[in-house]
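Paired with subunit B in one complex and with subunit C in the other, subunit A is shared by the two complexes that follow.
Here is the complex of A and B:
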């Protein structure tokens, strides 16, 4: 068990210290509120009316907003503390468990596709989505006794799938995006007390329920057997606490949107400040959550021009999430010695070359099929002759771009799995493709409308920096599975929060970013096809000389060194290659496709064991999978099209979930 | 109404297609032989007029247009705008492409709409283009006379994002230009980013106490209900004094048909409000 679950023991001196610190913080917050009131811009117009409106703004906008920030922060802090306690997982919160993303998806669906659903209160819809996400996450990690790493990973994947669906819906609705952007990024702006009034009773009920559950909660921090012997119904208590936590988080999401990672930060800071007992941690988390959100929101107002928000508070707090997760890593010990299930070969191929030939034939068939068969108003159409020649310029570039991107992502995933010795490593899971997205975001801010080569360069820098940073951070632990995966989740979260800041602007830049996130190949022309093929050849060719590295590195640093390998140099070179492949691949299909994870697995499952064979097979499979997905994505809702990246994520996501839910098999 | 008079006559001439909604409504209104347009399902909700004849091929999302569907629709001529310039190379493989941009940063969309309408009319040999311009000018003229007898208050056309945020349109937007041509003052004098500014917090409405608030749908289903319950909204002078108008849906990024529709709905609404 980890630090958080230390046996409860009251520590009066620390309690007094906390009280003093609390008082200091309260004074600071009060100061901030006074500053807000003092700096509030004056209303123009005739004096009498201006004064009335000013007081309306003060009492119906600024004050409820401050109160709501405190309440929402407290609710999220409490929710995070409860989740962390009951799951015995210091990185659990509404963001990492997919609750926020699930709630957001449910509301997006209601807003965009089924307005009739909006007759229900928003909280109910959000709660439904949140519960559903959490249920999936818990079901996946159930057989591993809710192991923290498995829970965090499942949460990340559920978040990814939910976001992919949300983006698909937003794109499909065009004009309605404005409200979804604002809502998704957690804007606290208010013009009456209704948000506050609806949150107050919830928070009170939550506090009372927490107090009532305090005894069973305390007992829960012992292990299950001890708890059971004390007569606590473990499952009932756990479910009650979980439901309470989700309800609190979903209520906040329904009222103000996603406030990223606050539930993660508040309890962590409470513990850092010396809170030890369950009571201390839950109260501390609620108070600190309130203070944090209020401070963040006030700063955004004060820093923005003329009191218009610099950024939505929810997007701002999300920026803390990534670094905080990284800080928490050393404190996290997996309850299981994680051996992530790696797929095992169905049977070992006796003649892999023949297997490769068969695979090549299959991929060629997909390629030709995608070239020749398309939809029209009359249904599926097989094009030959003149119409084939006419359609070729539209189909060939996108098929080549998709295939090249798939191959590159597959190779990137394979390298990552080999150098970390971790079967779940891949550009998407390790946050490397999201890191590329962060690079793209930065260049969108600097340049405005960058050309494709500039975009590609920025993404390459973002991906390389992200991956090297992660390798550096996890090298000390000898690339232990948990550390690598969690650092990946953290890196991905940080990159996503940077992108959220731009998406929240709702301008042309956010549209470019949204299109990239969705990974559409529709606009791929000869340039994209050329980039895909060129980068594939240039970046994969060096691997012909790296076969030995790829064989030896998964065996671990000690063995590799014993065999005379310059481990650090080999890792560095391969890491840079993998990051560049990721950048080029996700330039075309976006960061969500999961091809980098799936293709190497399929290759292994088919029985390609040697690095060389697995590499070639992964290239073929990656290309084949994305070409096939691209083909389907233009057929299923013709004439409308699902962007390839989203489509691939929606196919591959469930596979990854299934992989996680299996009992550990053989490792890589 | 501006768009309707010649809708009954069967379209003839070269077949045309476009990805741009402003050009689409222009083509439909001048009764060109339109065979394909983008995102028609949404267009019908947002632009409402002119009606899209049955048989016009839907090309899918504007951002992700389906080139194969366009190919099957076999247009003789494709009209494109600066928004979809990235697609130009692929479009020109299907048919010759002519570009008419209406929304350019810092330039007048109204003037560009007139230019585009005239040019497209000449290109397709349709006199309805020039007629459309003349009809709109005389329509705006008579509406200006009606509105001159009003209360002289500024007007604030907005789109609601949700119950707490809105989008406002500046003097460089189509709505802003129509207001100017109708002799009305736009209440929003602040900066815009590319004709509009969003998201604006609803509390900023307090800075425009004299205005008529003009709500332009479509907006999210629950936004209006939530506004009605809001203390702040109800305390705003325009709301308190009944100076809020909800029009029918108008495409904020349209061309002359949208301008005419907006002028019609606004004049009708304001005149009814003034006369009780």
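Here is the complex of A and C:
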């Protein structure tokens, strides 16, 4: 009897437990605040004056900062809960949907290119950018009924393109906008109560709007058809809620910058604690978000020497975002089966060797063109003879470096696509090149000014660790395409947040990292060319013996094992090879170029289907694409140059978007 | 009936158990398969027949018990030697992206030539033979992913034939096919087994198909072997009730006189 009662009425007990836990956490937060006040460093100087200063610091910096952390956290938690609910997507939040990156891009554009725009409130600019990004993401996944996996992928790509644009602008106008990066990483330090005062009314409006929308929201927990049959206007509700969520997130972004992944974490924790109904989740998320951000910010202050922040709170919360995303992945279910295979293989070339010869001729033409043709004040100039010889030492290394890097990334992408059997896999999408960046960041922290070989080594370690970790995490699902892609999104986000920690410092190390991110070949000399060619030869040669592995592995573990292949060993060897190729390639052109995705793809679309032919074609195409991009990047805004990696990303990003939208059309 | 406990029988399982995350899927499975027979595994959903098949095919390792092929423990076989002896087709064959039928069938020669060995005349002959035997000559240079379900299934069976193994293991080979193709695929498998003396182990959903094409049937229920015998032994009213938990009737087919069951 007793047992029965326990099972029948678990509610009160759980409720009391929750209340106790909540009280405990509230006490902890209060303790943190007291610690902050108590440990505040004493102000030097004459006692009377110091006391005044101390109280000014306490009441105009420390207190508003604490209040702001609570408010911003609550707003982001609420925004995340709304986004997740309305998109039925447990990994939706301002960071994963591209809202944060879009808001940041809009503010960077305003600051760097059109200062007149700054007459508008920052919040409006940020809101505009965020809404635009979200609109692109939703448009891309609209025909797939906002399938969570497609939304996550589109969000990642939009984030990537927006970041590439932001970096390009920052590098072009460094003197004006470097501060954007410090702001961009979410520093909460305050001089007065203005931030708090502007956020309070917005949060209140947001809370009231949420309460008003609660009923349609609750119905939206069902699927669209059921909600419609209950008489809810789905699109109107959805757009109202999305606008509200973006507005909340953009307000926070405009006031304190990007606070990564808080909107992801807060609702997830709320659900984990047992919040079940829509009301419970939204309120829970707001409260937990407030607590989380306050705790993160207080800890950063307490841990930093003399109350200088160890890291901006936004960067600190982003650090937890990556692992959390990985943790949430098993819960994410694609509502539609992601049919990635349908993109590929339109035709087969009947004579692939002839095709390869044509490609080779084309790439040679690009190579010679890039060597001989340049821009000058009177338009395009041909350099032949003596002037050609003069220019050769400048042009040859960077062209060779670009071509070699392109070829390496292409091969890396091809291997990744074949071992995971996933046509969207590539160093950039799987976060492997960003993993190399994380390695680079660590070595910048440890060494200060590392030599190129040390940097290359660190990147290789970072890339290998990232890729092996990802493979290990997704192996259990049999490398299902959505798991692989989502783990890639998570790995990339984690690596980017590690990089943000350094970027936020705003010192020389940030500049080195920013330069690497942009993938500039301006300073590529014989060393870079040598690394590119040497690594290409050494790393691609073993593949001559792996053709059969590359044919069998896309068929999946069961078939490969049935044929007697040592699957784990083959995968491991190829994965290490691909990660090393990625590290060497992105050492030269940065992590954003997307060559690793585009080149193997183009090779397939041209009809090179056998692994050997596809490999050679991808090498030629990768080299050709980056050599051509390098050439164009010298020409289009002469006398300035666009960094190669960014330029390539800006060309390839739209291609990837087109691929995603086309896929959605053909497979449903 | 198969003789029990012969040490070097073609395939014998002793006390095989399998659990995932403390959930018991199979326990105490004893099973012997005679060389040259077509052995069907049947049972309701979740009875563990697919897991058992994966253990037999060495796709997963059992948590308890032993599997022996020709008297030697399965773990003693090298990967390629095992693949030369046993060919396995998963329930869902993967999309052979952009490959032609001939290229797919040629993959079946991997256990023979390995990673670096030459693709020689004997390999070529085996591939041609497998394509001819499955009547895929006209499709040989067509792309696998552009073919219909039944043709695709035949292409995968051709790959298993090219593998030249003594035993074929098939996991619900007919699940995605219409009636005509179900019969076509199973009668092809049955004929091949007779002609070449192959042993076939096949999971089937449909008890009538199993009775029609198998020499012996092993019925599983909630992780145990419930009964094992000829189709005539299994196709009894009370046996079927014990296996599937519903009342079923049996009558003899008017033409080939094999038992056919139906829901009561």
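The rule is simple: the second predicted complex is superposed on the first by the 637 of 668 C-alpha atoms of A that agree within 3 Å, B and C clash if a C-alpha of one lies under 4 Å from a C-alpha of the other, contacts with A are read in each partner's own complex, and residues count from 1 in each chain.
Keep in mind that, in the parts below, contacts are C-beta pairs under 8 Å (C-beta built on N, C-alpha and C of every residue); 3 or more make two chains touch, one makes a residue touch a chain.
All figures in this text were calculated on a predicted structure; none of them were measured in a lab.
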Simultaneous placement of subunit C and subunit B on subunit A, clash or fit: fit
Superposition-derived angle with apex at the Cα centre of subunit A and sides reaching subunit B and subunit C, degrees in steps of 10: 160
Which superposed partner A:638 touches (first subunit B, second subunit C, both, neither): first
First (subunit B), second (subunit C), both or neither touched by A:564: second
Touched partner set for A:421, first subunit B, second subunit C, both or neither: second
Which superposed partner A:24 touches (first subunit B, second subunit C, both, neither): neither
Partner chain in contact with A:57 - subunit B first, subunit C second, else both or neither: first
Which superposed partner A:374 touches (first subunit B, second subunit C, both, neither): first
Touched subunit A residues, subunit B compared with subunit C: B
Smallest separation of CA atoms, subunit C relative to subunit B, angstrom: 43
Subunit C to subunit A touching residues, read off their complex: 57-59, 78-84, 87-90, 93-100, 103, 107-108, 110-111, 115-116, 143, 145, 163
For the subunit A and subunit B complex, residues of the former touching the latter: 43-45, 49, 53-54, 56-57, 60-61, 111, 115, 118, 122, 171-176, 178-179, 181-183, 187, 189-194, 308-309, 374-377, 390-391, 393-395, 506-508, 511, 515, 520, 522-523, 525, 634, 638-641, 643
Subunit B to subunit A touching residues, read off their complex: 39, 42, 46, 57-69, 71-72, 86-87, 89-90, 93, 159, 161-162, 164-165, 167, 193-194, 198-204, 206-207, 209-210, 218, 220-223, 226, 229-233, 235-237
Subunit C-touching residues of subunit A, taken from the complex the two chains share: 341, 344-345, 348, 421, 423, 545-546, 548-549, 551-552, 554-556, 558-559, 561-566, 604, 609-610
